[in-house]
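In the two complexes below, subunit A is the common chain; its partner is subunit B in one and subunit C in the other.
== the complex of A and B ==
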């Protein structure tokens, strides 16, 4: 257990408390508050308000059920456990009927709204080290996928010519709950490029953020939370995918798996685990995230439903 | 609590003595009860203990369907599920249906050892003349029910007409014959924990074999503190009178985690003697699926999904 835990949760919490207390410059709290008031009146300095990077499950930002955290760029970030993952899958399943039942036009609008909210957070993404051209590309990609929402059915579906007195129609339908391992090589563009195509067609997703890039992922989750995306449609877990991904791959209530961020050995194990419940698995080749994504990811998590209807005369 | 056995025997001789007794019961410390119930809910039950708790919970389930849309087909399906929950899981304790569905369920369950409970007495409101409620009960028993879930007359209870409630329970108990009587207190409508304690004692004094929290038809159903207070009542009643009464929380218990919390509550409040389907039941419909999914998680090592259990 200790290798999974990394650190004792109590110690982590204590450490966090110590850190925040030390920012109060060691004075007693009252004195600090008075000092702060004085400072704000004179406009000279104020206490730093630091962000707590938490998980994003069912539209809320909970800490990890385990209480664990790990440190990235001097920030404590929630270290998700398998129970957080289980909760995320429950939230995604609960959100699926509503999201997949929404009209394609509506889903497109919502994804476009994510682009608007991400646009407003441009400065924050940059401060986290995302280059400006990558922020541009990520926002443009959201807009691009938003546009596909009500067009994909025409491209992939349609009326089929059949030899018989039947009207035969095929239409693409979402697969269900999709587990996604976010790419490790592109913090924002990579994440957007795997999440947007999965949700725009009506799937709900559980995303395991790349271990090294949780700050950008949580900031993107904040854009999602403020952009009309129903709670549970995107659930984001920060932490160590190598620890949680096997539970995602073997979970019987997950319908598909995107292994974009999985290293070769892990991807192989996950494919085997996913086979146990016949999940649809996408194991992509390393990608240039700036390149035109094409329709591969849009179509990867769609099922084609075909209906035969007798023709009246 | 200091009530002698002799005092208990004729406590219902008059409205005044019954009221004096019920109002003489010690009051419930609301904050304390809620804290205690919440604290017991934090126990961690894992691995082999969890497997044991899951199987015990399955054996304690009164698998219930109480919808206006119930059909004989649906009831037969439910009975099959009770008899064979799947994947080697044990059978549930009982099926619980409306009186009109008892005959159908009786046919499906006959000789299986799974009990057949029927709600009666103008469930869920109980707002019908006594004669109608008694006929309701007799009809259910005649059709094959061996357990009757009655509702108390909350209107009378809340107006303080305790004798009326007492006598109605006695009359229903008589109409039940050999069938077990579960008395539904509908704690969500009783307003205070003190009332829950009073209603529990009233139901036990009147001869109820089980006390049950709720109908499941009002917004507030079974809660851990309410169940704990009822468990304290049955424990004290056994100590006073030597007669053991069962407890059945019903409504709102949907997950294995909830069920295990209740088992901890039973063990710590009433004692191990109640950890048995004869003395503790869960009134539930969706709980069974979650128990089966958790059971399969323990067996297979991976999380299960609702696609692998029946729809209900």
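== the complex of A and C ==
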């Protein structure tokens, strides 16, 4: 496929879903294989292969170790347990040295690759009920954040003119493992808007998908799994955040929390739990996910390291 | 031993006038506490009672916050940045003019050597105000949007190890950004903050912009949980930091914390030994080791361990411990009886757990709170003296073989405030600095500070930065 066509969302859709650019997803075989029960009954007599919606931990798609599921739109979705959460934190910690140590250029390309893979899944996202403009915005947001990987250090860091014969340089570094409660009010754009800024700077994340939107979240995880994102950089748990989030907030190997998807009372309780290990906490705030996100979510999970060295001959 | 004996060279304390008692500085005036008691402040070098200060109660904190709120709404908030800047420049100049007075008072109340308060603390205090003064009318260029807004009233609680310097780190950026403040100094070191209040009056700073409430833990707790403060800034122990983080949970208060540390000072086998020894001594014995970023864990590469430790012992034997007002003194008094007890307890634990204790044979004054510079060798990672912050002149020595092991050991702590690297190899400095999870890394130097240089920790050493452009963020609504 030509690189040029990739710049045009419509062209990309046409190019990657070679069969058709029809918006009538029910007539598209690709959509049928993506597991929608309704789709499988609307077309030919062939019985569709349904998708099993599982967790995404360490680059793999396991079921919940608890064996539990809950039903969303006729799909049995994995209901993550405390043990799944701990496994996800272990995977995120294990992935941190490699991902934070990768070059900014490399991380930028990987996040851009997520946008490419998301573009390829436009129809599936739409079939799951994500509005077309939200899919567009989510993909464009990935591209926007991809470009930040090798610029944020120049914007936030630099040399400091100390009053003495020293070289003194400040640079931003990723905070570590970030726990994320995905927003409940925006299934795809909200999710992308909290995951991309955390990982593009080198953090690894454990995301608790919004309880009502696991199908979109798992589908996004499938895009991640095919995007050269190293296993463990993004771990995504479906289920009930109110059940698992307290363990995430008190986990001693989690460095920060994005509470975007937490309701007021839960957010306060989680912030109290997070204080035990002095996690950085980004409190929930009303958000227009379509608006310019600014730097808030990038800077929330960055540390500043300042290095001194004497000058002398 | 010594070729020349030192003659005593005490700095005169006549430059300072200490009143028998002090009220609270609220809304531009010193006032009596409504419902609080008094706290005696002591010279830790002599146990002499220097003065009595008010202990602010809830009603006093309420008054101070109300004064700060009114000043924010009516005076300081609406004031053009250029005018705020001139007040801060004026304060910087007054600090320079009254530097000797501030240094002597700091040494009396804190116990730190006069050469440190005179040459480090007070010059840095003036520099901080001078630096942030210049930001007050340039906030739109600081990278936080075209017109970043102040938060409002800042509640600030500071420790006793650098009383005036921590005040400057808190107040200068807060005022530059357009906030008003209520600051609580530590209960053992309130006097320079009260002298600073007098400087605010001399600068004709509008009433209520800076309020100083003296008191202990209860005063601080009430201040940080006051519903009408918009910002909480704290420097102190990690334990209290956790308490404050819980107290502000669920509110819209912005919080920055600068907490404890257990810094690794890593010496590689190609390091210049004599420079490294000076850096190690400065790293742990500066300010009696009452430094959150102190290099309290020395990691030495095995081939040079014996040579380095011998050189370190020789150097430690030359340290002059005693009268903080004496200009020759290297190590002053421990700040309080409580802190001395903690250092004593942890050092005893070090010996009990099997580390080998060494201290130079130096005489200590009979009055006051003193602790000899102390070295522990044969320390392992699991020892309490390798894990817990001692906050005193006690150095734990561990060894390593490879750079990877040094990095592993350095990062094996819940803290992440600072670290040191000593090597002649530039590429090694950069590679190791990249891997250390610490907010400040000193390479071939240690314990250097500057108002333009962001300071603050990773992990459980807290969050937010003080100093530099970064330090403004803590006081802006961004």
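Convention: the second predicted complex is superposed on the first by the 267 of 313 C-alpha atoms of A that agree within 3 Å, B and C clash if a C-alpha of one lies under 4 Å from a C-alpha of the other, contacts with A are read in each partner's own complex, and residues count from 1 in each chain.
FYI, contacts are C-beta pairs under 8 Å (C-beta built on N, C-alpha and C of every residue); 3 or more make two chains touch, one makes a residue touch a chain.
This one's a predicted model, so the numbers in the text were calculated from it and none came from an experiment.
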Note to self: Looking at A:253 after the superposition, I want to know if it touches subunit B, subunit C, both of them or none. Which is it: first, second, both, neither?
What the structure shows: first
Check: Is A:89 in contact with subunit B, with subunit C, with both, or with neither (first, second, both, neither)?
Finding: first
Check: Any idea whether subunit B or subunit C touches more of subunit A?
Finding: C
Notebook entry, point to check: Given the touch rule stated above, what does A:275 touch, subunit B (first), subunit C (second), both, or neither?
Noted result: second
Notebook entry, point to check: So, A:304: does it touch subunit B (first), subunit C (second), both, or neither?
Noted result: second
Next item on the list: Jot down the residues of subunit A that show up as touching in both complexes, subunit B in one and subunit C in the other.
Entry: 276-277
Note to self: Considering only the defined contacts, which subunit A positions touch subunit C in the complex?
What the structure shows: 101, 155-156, 160-164, 166, 168, 170, 175-176, 255, 264, 267-268, 271-272, 274-278, 280-281, 283, 296, 299, 303-310
Next item on the list: Please name which positions on subunit A make contact with subunit B in the complex.
Entry: 86, 89, 93, 247, 250-254, 273, 276-277
Item checked: Complex contact set, residues of subunit C against subunit A -> 127, 143, 238, 241-243, 245-246, 249-250, 252, 257, 259, 414, 429, 433-434, 436-445, 448, 450, 452-456, 458-460, 462-463, 465, 468, 470, 473, 478
Item checked: Complex interface listing, subunit B residues touching subunit A -> 301-308
